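Presented below are the structures under discussion, each in the form of structure tokens.
The same subunit A turns up in both complexes below, where it pairs with subunit B and then with subunit C.
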Partner chain A sequence: MTSVEPGGSEVNDTDAGYVDGNALAGPLSEVFAVDVTTATSRCANCGCTGPLARLRVYKHAPGLVARCQQCGSVMLRATRTRDAVWLDMSGAVSLAIPVGET
Partner chain B sequence: MAFISRGFHGRRPSAGTKLPPGQYETTGFPVLSAGPTPRIRKDDWQLSVTTETGKRHVWDWAGLMALPADSPTVDLHCVTKWSKFGTQWQGVSLDVLLADVETSAEHVLVTSYGGYTTNVPLADLVDGKAWIAYGYEGGDLAPEHGGPARLLVPHLYLWKSAKWVSGIELRQSDVPGFWETAGYHNYGDPWREQRYQGD
Partner chain C sequence: MARAAVPGRLGDRLRWRIAEVAGRRVESATAVTLTLEIPDWPGHLAGQHVDVRLTAEDGYSTQRSYSIASASNGRSLDLTVQRTSGGEVSPYLVDELVPGDQLELRGPVGGWFVWRQQQTEPVLLVAGGSGLVPLMCMIRTREAAGSRTPFRLLYAVRSPSDLLYGSELRQGAPGLDTTYLYSREALKDSARPPGRITPEDLARGGWPPDFEPTCYVCGPTAFVEKTAAYLVLLGHAPERVRTERFG
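Coming up: the complex of A and B.
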């Protein structure tokens, strides 16, 4: 099914307990000036690349856990404490974020 | 959008004495998970206890079933703010599992099938405070709740009660686990509302 997250992103729900990476858009907009779901990431475990929007996001948890769509490794975690957003991207080698040409 | 899944079907309790600060009672049993649910056959299941010297003690499913079991009834408190009262479990006390394990370690890193980890002081796993639980409400523990077996440490927030437990590593030094490295409290006492680092 498709639902719309607060913030306007369309999120595709699956029966497997996760949603697609568009679920990251709203929470990460609190700390990023751009929509990072369009960024291209590289998995530190299997090396595959793709947009963050394709990651598998487990959100029925104490934080958001985004896993590689290919190998299932944790690529990104985001948690919201009382006064901070914690972002762990140790499972991603890089993130290419589209910006305007210089 | 809130980062935290707040649980489901929550309501304020009529009597709050059993409720730690900031919690609400639920009668459901919400499933929280950081990844796909591992499906571990009992024939393939193993639990290891590894000491700080590297000595490894291993139980298979038959070995676990051969140990004396407890039937604790406990309240559960999830850091996402739901609490569930009077849950009935069946499992083996950590006191039984650790009875013949020689150690001077003070710290434990608990590992799970699927890669989850959490850290707990050894003192919080002994003296009748923790179990390897394989039964829930009279039946087998369902995979989505951590079956075939999970750690049960009910006096701490539920993220410490690792689902699909596979290993108990006794350590000289403390190593933070999955949520403890992502902003959550290192100890997680619900009665002191130790949700996040700094609480």
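Coming up: the complex of A and C.
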């Protein structure tokens, strides 16, 4: 879900080199014990909220870059090194992770 | 409860597992289904995928995602892979793997592009090419569960010879309506001339937005982009349109 929303996309439409945030599920499963692609994130640039599954994910060796589906700004970067996963989430102001009721 | 929501994710982080190829079935000139055996496979939800990792002798490794095709109640795991010519991974999976070979795999993963039996609203599935794979998993899961939830499938594919799961789809299931949208070459007696998917196709073969269906759209990125935009133009709420772009 990208250019279908009002506000459109800033990322060139001919650039089809991306997939949905769903594809983050595997890489992030190395870090989190629950599925975080259904977690709601808020973009630090435009303020829109939505599940991580709807971000646009670009492969940038050696990691992944996830951009806001509304404004295209970078919300999350995940980079795998030999013994660590680096998560840069400075583009997201919050992340609400569903964990069920207590 | 989040724990129950994703079988196999009982609060553990995932690790790579070894899967063994137990079967190989040719689906079309460019696609095969691989049946994998994985000890202690925890089961999966309809629409989830796995990541497959290949490692060369020199240590170089690369991974790709593949959707699960088999019904979610099964113990075995089927992946259907379409060859992307010139691709790094898919030609190997389609042409080289034989029963007995092993693969590294991580999954099942993904909690968003899934259909659960508890959902009762009508469902629209729109597939472009190999984008049918996770949608077929939903169809098979619905049938295995004896669900009466109405499903409509719009399947955009190049020509009749490119169809995946052709005989299974022709056989059909009660409450499942299938429409084929050929882009290059249609059957002789078909009323629709070959061509890309249009808003009219979606209006005719889909559900009225008033019915508040959940729409699942899967396939090549450009196809998904266009189809999702049409659905929203037709009046479907953006949050009811779930997408899986294959790249």
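Quick notes on this one:
Heads up, the rule we're going with is that the second predicted complex is superposed on the first by the 86 of 102 C-alpha atoms of A that agree within 3 Å, B and C clash if a C-alpha of one lies under 4 Å from a C-alpha of the other, contacts with A are read in each partner's own complex, and residues count from 1 in each chain.
Throughout what follows, a contact is a pair of C-beta atoms (placed from the backbone, for glycine too) under 8 Å apart; a residue touches a chain by one contact, two chains touch by 3 or more.
In this text the structure is predicted, and so the values were computed from the model without any measurement.
In the superposition on chain A, contact is made by A:V34 with subunit C only, not with subunit B. Of the two partner chains placed around the shared chain by superposition, subunit C is the only one that A:P51 touches, whereas subunit B remains out of contact. In the superposition on chain A, A:G26 makes contact with both subunit B and subunit C.
Using the contact criterion defined above for the overlaid structures, shared-chain residue A:G17 touches subunit B and also reaches subunit C. With the contact threshold set out at the top, residues 5, 16-18, 26-27 of subunit A are in contact with subunit B in one structure and with subunit C in the other.
Contact residues on subunit A toward subunit C in their complex (touch as defined above): 1-5, 13, 16-23, 25-27, 29-35, 37-38, 51, 53-54, 98-101. Those residues of subunit C whose C-beta lies close enough to touch subunit A in the complex are 1-3, 5-6, 9, 11-14, 49-51, 63, 65, 106-107, 109-113, 220-222, 225, 228-229, 231-233, 238, 241-247. Here subunit A touches subunit B in the complex through residues 5-7, 16-18, 26-27, 58-65, 67, 72, 74, 77-82, 84-86, 88, going by the rule given at the top. Note for the complex: subunit B touches subunit A at residues 1-5, 30-37, 79-80, 115, 159, 179, 181-184, 195-199.
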